[in-house]
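The data blocks that follow each hold one structure.
You will see chain A twice below: alongside chain B first, and alongside chain C after that.
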Partner chain A sequence: MTGLTQTEATTGQTVDDVAVDVRGLTITFTAAGKTITPIDGLDLQVRRGELVCILGPSGQGKSTLLRAVAGLTRPDAGSITTPEGAVTEPGAERGMVFQQDAIPMWLRVQDNVAFGPKLRGVPRAEYQPTVDHLIEEVGLDEWRRAWPRQLSGGMRKRVAIAAVFANEPSILLMDEPFGALDFFTREKLQGLLLQLWAETAKTVLFVTHDVDEALLLADRIVILGKGRVAQDITVPFARPRGDDLRSDPAAIELRQELIGRLGEK
Partner chain B sequence: MTILASRLGATTEPETGGPDRRSSRARPGTAWLWPLVGVIGFVLVWALLAALVRSSAVLPGPWEVAKNFAANFNGSPALKYLGLDVTSYVGNLGYTGSIVLSGWLIGAVIGVVTGLASARTQWVRNLVEPVTTVFGVVPILVAAPFALVWFGTSTTGKFLLIVFFSAATVLVVAQSAALALPLRYEEYAATLGGGSSARLRRVVFPATLTTTLTGLRAALGQAWGLEVVAELLGAPAGIGRAIAVRAGTGDIASVIALILALGILALLCDAVLSLIVRQFAQWQTDKEPS
Partner chain C sequence: MSAPTVTRPVVTASRASRSGTVTRTRPSLKALGAGIVLFAVAWEAIALVFAHTVAHPEYVMPDLWYALRTGLPGLSDYYSGRLGGHPPALGGSQSAWLGILALVDNSLTSLYRVVLGLAGGVVIGVTAGLAMSWSRPLRGAFGGVANLSRMMPLLAMGPLFTLWFGAGSAASIAFIVFSVAPIMLMATTTAVERLDPDQLAWARTLGAGHWRIWTQVVPRSIVPEVAGALSVASVLAWSVLLASELWGIQDGLGWAMGQALGFTQISEVMIIALTFIILTFCTVRLLGAAVRRLSRWAD
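Now for the complex of A and B:
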């Protein structure tokens, strides 16, 4: 079994199932006098509660796509729609974890996790139980009053994950969040993400260039090429997926095929 | 096209990473020792020189200057005779201090608001940049006579001058700090649902606060200098005016007493501001957890 079969994501779902609907998306940049089009007429539908990994080498428009869904980059053509309506600007229903640290360095851990609700003027009584629960869940209870500068890179990522979950978005956008971390920290955070995802059933769009990470996390893997979806693959392995995935013949075969596809880009 | 890039010139580069370990090297218990040694050393050298000169008309000793200050603190007949509206040292300190602090404070508010606004809005930046660029390089010794020509010796002229130069100094610092703030902080806040004003209040303002406060310290130091020079050139009262008239009568002890009093007052104000800066800079300076 190769697993490299096109899903019916674009055809076999009702409107109510769709959390993110990208149609004909085109984004063009001009840099150093040259015009580049990392996204060129891209179509993609993501179902509610689905964890989709966008996989590919650098420069294929993965982050651009994610930023467009976040409302941070304006499309030149096409549309992005969520159940809340057309995406025209950033919104709390689409939380994002950035590749680089973006949590406010001037806020203590506990204030960072509560940052979203505070920004939106949510009364403290409403968000504090969730914030306390998440701080505990990501293992930072003893570091509540620490400044981000005093934490390791992995701990800062845990703050970022707790903060975005505390804001209770329906869609979670993650732009290579674990890319700069060591192997063991990355494994722990992948586990933490899967745990929180299982508890909250959020829709997740996860950008990565790591095939193993995609195989561990994703319901579907989307490979971008020439500005469009080149491959849309349903990951056939049951959850929870653990270390045995590395030695599973079907997983090894799929990994090799994915690497081969990525090498063609 | 980046939507939040309307904050002009915003960088996407990461800030310099790595914890600041300066505070962990410092020994807080001995931080006061060297300044104290410096002050005592200065007073000793001064006393030694005064003893060698043996003329209080040329160089009065520290004790003589202290006595002069105490005698004239609440009232000075000489200042009254010499035509000052305010005739005590403390009154003149208050006169100068009130103009400096009020002018600096108003200028600071204008500077912070305009600086942050100009970092985010092109037309505000276009509007203020030529003014700050041109007048920002004008030395105090040139600005003070200008105020004298326009406003005479009135308090209003000096006050406005301090407001303007404080605002210009703080504006440049606040604008630079806001432009240097990596854009991703604002983008992050936007994806959490923070609107434009919430991002300004909860991201741009706190992120630039410590740098801006450092600019405020510089502006305050400049304001003291500007006010005293303006008073030296002409004023109904103030420490600068008192120094000028005392220097005119050759009363060196009074001149030194007034200069030291002015210096100590400015130092105290700076110390208070420094404490405030330290309070807001904890996130940058707290030492590593053990």
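Now for the complex of A and C:
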């Protein structure tokens, strides 16, 4: 198991360190007369400021877990706790970026980025500098007054990312946000995310099925299987991670090992 | 960061055919003009036939010039004198000018009823639709009834509204509200059903509560979907108004038309019908422009 170290995620952490504490989470769905349990007694702790990638093939409960942390899916058993308290419904402290475009198409770019603070009744004078800064940072300064339909898929994703950061959540949940984008756009947005993450030190839970993406982004990679955490792996490579990661023998070995493990699920 | 790429579609997918050529769904003004000319020519041709086959063609199908020449002064009989002048009802005599005033006077009365009825129907229908989409018990209690109400023979209900609300504007306005609201309600519930759940989830994760979602996010998101129903509702409002004003009410275009029909004044009926068409057309175009402005963010 070269390059892999099992994390001590559930041990050695003080309560103050933990940003997301999932305990005994069970979620059951009924579809077409069948009962499905994508999450079955799952335990997971995520430290403050940590970027954790949840990796796995489709149908392993990755998105279900993320939606539960967001408060969009109610668990049948178990609990999810953040420093703000038990998660029972969505809250502004847990921002989420969806795989599909979910930003309001009826708001121009600048209004989309300011959407969250406006919804929460934050005075304009308070949020506008952050909004302006983020629009510039995601490279949409020239497109402030554009409608989302006038933007490419990658640009719309940048709007979503800027909008979530403008709302200043402490936890960022990202559900395969770059899954539908081409290679080059995805690379740019991964870089953008890392840059914003480094600046804001937010806790990030990032769902992906792409091993390379997980290796590039994650402090830890969590592989789900049979509704639980099957593997919890600390990524040992120093940041910033660039193109050299693709040719690093240790990274190549870890990549092969992860692919092998995913194949076992 | 590299320069962003932008897609600015010249034509939207719904307007472009597979071969890439644009297919119009609305007639151009030129086509509309040509259609009107064709209709007028056809009318004149048929009127000519009647002129040679019946004893009194003016009571069946007068030619257009005759209709205009005799119809306008004839309309003076349906003028109350509210806008000035000395109409026959107050001892004056018929004239084309008084006929025009009669048209304007009755049009304003009808327009007032349509605007209030349509606005009321839209507000009530959309609000009820949002409430039913939001609340499952409400949907269960009223969804079926609302759907059934669309199948009622509306025009047959006209006399009932006159009985209930009296022979005045209240009856017409209530009748229009009653007709328009179910259409808007069903359009709203359908539009909400079709909303992407992730769009609402997105707002919730940004901190929006139910109230803000249902007052700020959902209504704006459904505008393009509801626009089609609004166009249908505006045409229906004028039809319902006509039916309403035929029953006991003493002013408005529908009343004037009913009276003219009673005396077989075909020329007057033709002019009133033309006025109805113009007003309906203008209402649809104005509402269409307003909706296009509200939904300019959509494809």
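In this text, the second predicted complex is superposed on the first by the 263 of 265 C-alpha atoms of A that agree within 3 Å, B and C clash if a C-alpha of one lies under 4 Å from a C-alpha of the other, contacts with A are read in each partner's own complex, and residues count from 1 in each chain.
Operating definition for what follows: a residue touches a chain if its C-beta (ideal position, glycine included) is under 8 Å from a C-beta of that chain, and two chains touch if they have at least 3 such contacts.
All of these numbers come straight from a predicted model, not from anything done at the bench.
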Chain A as common anchor, with chain B and chain C clashing or fitting: clash
Touching partner for A:S152 - first (chain B), second (chain C), both, neither: second
First, second, both or neither for A:R74, with chain B first and chain C second: first
Touching partner for A:V222 - first (chain B), second (chain C), both, neither: neither
First (chain B), second (chain C), both or neither touched by A:V18: neither
Partner chain in contact with A:G139 - chain B first, chain C second, else both or neither: second
Partner chain(s) touched by A:W106 [first = chain B, second = chain C, both, neither]: both
Contacts of A:A162 with chain B and chain C, given as first, second, both or neither: neither
First, second, both or neither for A:F98, with chain B first and chain C second: both
Touched partner set for A:R120, first chain B, second chain C, both or neither: both
Touching both chain C and chain B, counted on chain A across the two superposed complexes: 70-72, 89-92, 94-96, 98, 100, 102-108, 115-116, 119-120, 146-150, 163-164, 167, 173
Of chain A, residues touching chain B in the complex: 29, 70-74, 76, 89-92, 94-96, 98, 100-108, 115-116, 118-120, 146-150, 163-164, 167, 173
Residues on chain B engaged by chain A in the complex (per definition of touch): 1-4, 14-15, 19-20, 182, 184-185, 187-194, 198-199, 202-203, 206-207, 209, 282-284, 286, 288-289
In the complex with chain C, residue positions of chain A that touch it: 67, 70-72, 89-92, 94-96, 98, 100, 102-108, 115-116, 119-120, 138-140, 142-143, 146-152, 154-155, 163-164, 167, 173, 188, 192
List of chain C residues in touch with chain A within their complex: 1-2, 4-8, 196, 198-199, 201-208, 212, 216-217, 220-221, 223, 295-299
